[in-house]
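Each structure below is given as structure tokens.
Paired with chain B in one complex and with chain C in the other, chain A is shared by the two complexes that follow.
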Partner chain A sequence: MTNQELWMILPIVFVGISVLATILVEVTANNFNKTLYTSLFFLVLALLSSLNIWFEWTFVSSSEYLFGDTISVDKFAVFFYFLIIFVTIFTFIVSRDYLLRIKHDRGELLILILLSLTGMMVLVSARELITIYVALELSSLPLIALGAIRRGKYSAEIGLKFFVLSSVSTAILIYGFVFLYGLVGSTHLTQIAIELKNTNIAEPALLFSIVAIIAGFGFKMALVPWQSWIPDFYQGAPIPVTAFLSVASKASAFAIVIRIFVITLDNSISVEFWVTVFSLVSVLSMSIGNFIALRQTNFLRLLGYSTIAQAGYMLIGIAAFTSNGLGVNGLLYYLAGYGFSNLTVFFVFLLINSKFDDDRIDNLNGLIHNSPFLAIFIILGLLSLLGMPPTVGFMGKLFVFSAAIDSGLIWLAVIGGINTVVGAYYYLRIIKKIIFDKSNSSENIPVNKTLYVTYSIGALGIIFLGVLPALLLNLTKSAIESLI
Partner chain B sequence: MSGNFFIDITFWVVSFLIILGSFYVVTARNIFRGAIGLSFVFICVAIIFFLLNAEFLGVVQILVYVGAVSVLIAFAVMFIKDVVDGSKYSKYRLLSAFLCSFLFFVLIFISQVTEWNSMDSIENEDALAGLEGFYFEESESGSILIKKAEVLSDGVNKGVFINSTLSIGSSLISNFLIPLQVIGFILISALIGSLTIIRQRRKQ
Partner chain C sequence: MEDYLLQYGVLVVYALLAIAVPIGMLLISYLATFIKIRPSKPNEVKLSAYESGLPPFGPKPVMFNFRYYYYAILFVVFDVETVLIFPWAVKYGVLSKQFGLIAMFAMFVFLFIVTVPFIYAWRKGDLEWIYNRN
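Up next is the complex of A and B:
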């Protein structure tokens, strides 16, 4: 390990250290605030060292291949570092009051989220099949415990369901990797790409391995044939965990899918095949997610189905990757925008939920009369999820749909458009409840200043990135360029 | 397979035993017998690893799977009330039988049709270096010699890992350092996660 290699992996190292430090402080200090601030301190350090790599301030090596080409910290990876570290920091800050209120297992909750974050950090920069598998395991294993952490009626069931489904999907993924290795004879993505280009084979084994890999990651991305754990998990797990999972887990899975499919398996035969598979899966996810969401009365379940539909929209970006990088750019943009909107919705709902202690949509009735600020924030988030201009959600949808049209998948864009209209029904129904329905209680919800600051950051992100997409688009462009 | 009759025979016999054992594991209604059958399958798989010159994997297979996992399963079985006829047939058994046999034939088809990339068939030196990178050998004085893949003599890459333990150990602390560290974190998360769940159940 050279000095420069160490500088390059500093973001991952800091997140790893944050896990260990948080464990130590949690065991010794017996003061939850100290635990929280320790973890936040190291996360900020990780963020700073990512900034160092992005702007190439000091000790940034030009060669991107680290540790025998198992990982690479290129701008693409750093873009995702920013995204998932920000998500974690915001989750921790916002859920402080929530965690202080639940008196048990709150330190464990932080530690497990940080462990999962470590896995995701390695996952987004992995360039080698074994590393990808191990990192994927690390990112999903803590989530099993987190799903079962709340003392609810169903928590054990959620944990078990998640565990079984996650191990089956990883086993299928491994099968895909094994077939790929058998064909190519290397576990390094660069080597696989070279071998596939040289031979240009259309073996059934290659197609099988593509299907298996998609099935393995489809579970993490919350796509349709593998979606059955989502609604239960959203309903049963603590809301901070769900907020973290909905953005970070999805983002890291999409990152590695881009690395494997768009960059590695890009010989013409396999491209044709996986574009078809991704388009079909995307249509299924959008349609089924949206149509089941129409009938939900539980807000968290509704968000679960909405996240399935959103994953479908994002997948259009991968299916349409041939459009001069616009598709993948749009996908990265969409992911970041989805992060802002979804987190805003989740965090506002966290406050409302802590007042009523159940998750029915009816609890939002007449929110605008009691707490107008909260209502405005959650309405902004919902409008952005729906894709209403001038929010960031609209620009994201615009990018992926136009990429689909550019690359000749017009039918996919049309289905996406229809689904947006279907989705509008249930998002607008919630907004109608917030504005026009009669409230159940008249007392307003107390909000402290830190929360206002974080909500405002979310709202500013939603509006500014929607009005000035170039801000974020420049970042995604240089991220994509570092990849190709 | 040039003439090593004994190895061929062993391979076929053990493979047959694995298939037989797996059938028994799936069909046995007595869960405990199923668990015993599973450890039998694990031992047979370890033999296959030995036949493939992967001694280290074989030893690990016996230590971890036969030694730890089977015992764990046996312990878990003891907590189940109806061991003798515990597992009822699922109502989807016809569908799953159909799907599994379909998958079986697909895999058979794929494995027969595909031209697998065996180590002997690789001639591209860069690809070999990418595969192995370096090759580790023990010298007569006991120190470890590191050779580049391109200077390997002809016969060496035929059987590939002559001393697989050495080579696995060396790659774990050089090229595969990051996965090794990540596995450490996986252990931490398994530990903390299971403790969290169990402690919470006891409180209830």
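Up next is the complex of A and C:
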């Protein structure tokens, strides 16, 4: 390991150290605040070292392939580092009050989230099949424990369900990897790409392995034939965990899918095949997610189905492969915007949920009269998820759909548009309840200053990135340039 | 060639010793019964396959103590640790020539990472047989 390699993997190292440090502080200091601040300290260090790589301040090389081409910390990876570390930091800050209220296993919740984050950080920069597999397992195993950590009504059920489904999907993924390795004779993505271009293999085995890999990652991305765990997890798991999972897990899975499909499997035969598969899966996810969400009465289950639909919109970005990187660009933009809007909705709901201790949509009735600020924040988040024009959600949808039109998939863009209208029904229904319906109680929900700051960051992100998309587009553009 | 075979000679001696020791122990113990040093008083517990262990056979599915599971997990941690230390220890001479002291400290880092969960289990009281979280 050279000095340079050490500087390049510093973000991952800091997150790894944060796990150890948090464990040690948790067992020695009997004070939850210390545990929380230790983890936040190391996460901020990880963020700073990611900034170092992005702006090439010190000891950063232009050659990005590290450790025998198993990991590459290019700008694409660093973009996702920013995204998932930010998600984790905000989750920790916002869930502090929630965690102080629950009596047991609150340090463990932080530790497991950090462990999962370590896996995700490796996953977004992995360039080798076995590294991808190990990182994927590291990121999903803590999530199983996290789903069941509260010992509530549903926790055992979701723990078991998530465990079984996740192991089956990983097994299918490995099966796909095995076929790919058998055809090409290498586990390195660079080597696989070269080999596929030179030999132009057109065997059913290649197509089978593509389907298996899509199935394996489809589970993580919450796409439709593999979506059954999502609503249950959203309903039963602690809300901070769900907020973390909904953005970070999805983002890391999309990152690795971009690396495997858009960069590696880009010979003409496989492209033609996986573009078809991705378009179909995307249509299924959008339609089924939106139509089931229409009739939900539980807010968290509704968000679960909404996340399935959102994954469908994002997948259009990958299906629009022939648009010269526009699709992936739109996808990255969409993911960042989705992070802002979904987290805002989740975190506001965390506060409301802590008052009612139950997650029916009716609890939001008349929120604007009791706590107008919270209502404005959650309405902004919902509008952005719906794709209303001055918000970041609209910009994301615009980029993704226009990329689809550019690459000749007009029908996909049309179905996406129709689904946006269908989705508008249930998002607007919640907003109607918030504004016009009669409230069950008249007391307002206490909010402390830290929470206002985080909500405001979310709201500012939603509006600013919706009005001035160039801020984020520069980042996504250079991320993609480093990739291609 | 003879030197090569001689290495197996050591193995043969070791095998003979390994066979002789338990047979000798049983033999001495058997002989001791004749001079009344070792009285033979068998009972049900003594004759069971694992004295002070779980009964190996039972009429219905045996109830396990759930707490074995913690020990199993901690055992796996140390088992994997050993597996990874062995190749390092064998090649330490080569490694230390190439990397100097870093070769040693790299393993210390690994050992530290493995020890942290152990500390966690210890401080959280998972090593105590009678489980008491507070």
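The rule we apply is simple: the second predicted complex is superposed on the first by the 484 of 484 C-alpha atoms of A that agree within 3 Å, B and C clash if a C-alpha of one lies under 4 Å from a C-alpha of the other, contacts with A are read in each partner's own complex, and residues count from 1 in each chain.
In this section, a residue touches a chain if its C-beta (ideal position, glycine included) is under 8 Å from a C-beta of that chain, and two chains touch if they have at least 3 such contacts.
Here the structure is a predicted model, which is why all the values come from computation and not from measurement.
Partners chain B and chain C, once the complexes are superposed on chain A, both fit on it without clashing. In the superposed model, A:28 lies in contact with chain C only, and not with chain B. Residue contacts after overlaying the shared chain place A:336 against neither chain B nor chain C. Once the two structures are overlaid, the count of chain A residues touched is higher for B than for its counterpart among chain B and chain C.
When both complexes are overlaid on chain A, the residue A:173 reaches neither chain B nor chain C. Contacts of A:159 after superposition: chain B is touched, whereas chain C is not reached. Look at A:237: by the touch rule set out above, it reaches neither chain B nor chain C. Of the two partner chains placed around the shared chain by superposition, neither chain B nor chain C is touched by A:431.
Of all C-alpha pairs linking chain B and chain C after the chain A fit, the shortest spans 5 Å. Taken together, the two complexes place residues 23, 104 of chain A in contact with chain B and also with chain C.
Across the complex, chain C is touched by residues 20, 23-24, 26-28, 104 of chain A.
Residue ranges of chain A in contact with chain B, taken from their complex: 1, 9, 16, 19, 23, 67-71, 104-105, 108, 111-112, 115-116, 118-119, 122, 128, 130-131, 134-135, 137-138, 141-142, 144-146, 148-149, 151, 156, 159, 179, 182-186, 188, 191, 194-195, 201, 203-205, 208. Remark: chain B residues 106-107, 109-111, 113-117, 119, 122, 127, 130-131, 133, 174-179, 181-183, 185-186, 188-190, 192-197, 199-201, 203-204 touch chain A in the complex. For chain C in complex with chain A, the residues that touch the partner chain are 112-113, 116-117, 119-120, 123-124, 133.
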